[in-house]
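Below you will find the structure I want to go over with you.
Should a chain be cited, it is by its letter among A, B, C and D, assigned in written order, with residues numbered from 1 in that chain.
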Amino acid sequence: MPSTTGPMLETYPKSINLDRAKLAAAVDALNDCAQACTACADACLSEDMVSELTKCIRTNLDCADICATTARVLSRHTGYDATISRTLLEACATACRSCGDECAAHADKHEHCRICAEACRACEQGCRDLLATIS
Amino acid sequence: MPSTTGPMLETYPKSINLDRAKLAAAVDALNDCAQACTACADACLSEDMVSELTKCIRTNLDCADICATTARVLSRHTGYDATISRTLLEACATACRSCGDECAAHADKHEHCRICAEACRACEQGCRDLLATIS
Amino acid sequence: MPSTTGPMLETYPKSINLDRAKLAAAVDALNDCAQACTACADACLSEDMVSELTKCIRTNLDCADICATTARVLSRHTGYDATISRTLLEACATACRSCGDECAAHADKHEHCRICAEACRACEQGCRDLLATIS
Amino acid sequence: MPSTTGPMLETYPKSINLDRAKLAAAVDALNDCAQACTACADACLSEDMVSELTKCIRTNLDCADICATTARVLSRHTGYDATISRTLLEACATACRSCGDECAAHADKHEHCRICAEACRACEQGCRDLLATIS
């Protein structure tokens, strides 16, 4: 099922101040990362070694919340405020970096951490690619 | 970009009490509907006839919040509680029905409402398909 | 710091279809329960016996998400749709019941679970009191 | 009803890296601001002059999402990561500043904007007070 992010962007009735392709890519990466982090936190919670994964769970929960909120803010174009988008994208890229590093440290033992680390890396890149166009 | 929902489901370390294919389909439809509703609310806000779209905006906001929360709850399998999943899926299907009806009423005038109505219909169906397996 | 929920309700420019006192009480209880559940999940995660608290953490996360979304939906009055409010309140009361029961089972060992159980009970009651006025 | 934020902080089983009084004050201000912004967006939507309030509605929605997420992240202490807290607090203070300015511009005409502007100012201050302790 292809995402509706791109098609919905095309229907926005006024002008959009951001590169539409990079914007759609960032929103899709954010939603995918939020989903992966929510699932990874829960999978960690069911591992026998959960006591060694508590930092991973916490960072997953933060990253899921921040990515979901960033996707929402980037999906709004009415009354655009570049300073909000920029600072939030910076916070989100920071969270994705931390969560990607934490998950990567468990990637050899837990496949859910490996997949989640990839989603975090892709999301961090999507945020930075978009940030580079805001200046 | 294919969703990570299915691959992440495969990595869950314990058993899952729901049909995995229907579960992954529902989660993807929920995330897609949440995204479409957030974007539709914002597009409505930028239409010249915004005063005729206030109910649509409100229902979009409700549907986005409820779908996002339902996707999260369904992405957790640890300590599964069927009564929470069932009542939440019922509330979510209700919200998707209302939002789909409201958006459909504006579909001939606004392409974002047409696409969003489709996402709501698909999400309602995904919720009901999963609900049918829980009882 | 008194909540702004009641004062904001007074400023809504159109009529509201629900009992304002019960509505404000429910929204405050929902926000308080969401906060308690988020904090309880994290406190459980830092307990040495975290492996015995995984169901509690999961139910806390669900309850926090559902309460936060219910508070948002109840804070919107434009284009009111009773069927969404009713089914969502039922799902939320169900989640609060489950989470209150789970936290109560750990209340003698963990003070955060005791306080959280109380917040869940109060929230379930606030939801049911409001539900009784909708039907 | 007093907030459970402070009492829950006291029950956290490990050490907390932040000033507890400033932390509890920030979390309460964030939750209050999120609630005020959600209600203000909806009240604006019901004003006859909604077409002049679209930027206010949008900024309210952003601010509500960002404050709610920041409250959650600050309510977690397990596996604390100062870089996430700091960048998110900066983004949140930015959003509160923008939303407070926008609401203040309508405060003489709409009481909900006046109350919401105050909640945004208090929240921005709470974020900056806490930020000053993180360094």
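Going forward, a contact is a pair of C-beta atoms (placed from the backbone, for glycine too) under 8 Å apart; a residue touches a chain by one contact, two chains touch by 3 or more.
Bear in mind the structure is a predicted one, so any value in this text is a computation, not a measurement.
Of the two chain pairs examined here, B-D and A-D, it is A-D that is joined by more C-beta pairs in contact. Over half of the residue numbers at the chain A-chain B interface are used by both copies of the sequence.
Inter-chain spacing, taken between the CA centroids of chain A and chain D, is 21 Å. Annotation: 27 Å between the Cα-based centres of chain B and chain D. Listed for chain B are residues 42, 45-46, 54, 57-58, 61, 68, 72, 76, 78, each touching two or more other chains.
Interface residues of chain C facing chain D in the complex, by the touch rule stated above, are 1, 3-5, 7-14, 27-29, 31-32, 35-36, 38-40, 42-43, 45-47, 64, 68, 71-72, 75-78, 110-112, 115-116, 119.
Looking at the complex, you find that chain A touches chain D at residues 54-59, 61-62, 65-66, 68-69, 72-73, 76, 78-79, 81, 83-84, 87-88, 90-91, 94-95, 98, 102.
On chain B, the positions that touch chain D within their shared complex are 41-42, 45-46, 48, 50-51, 54, 57-58, 61.
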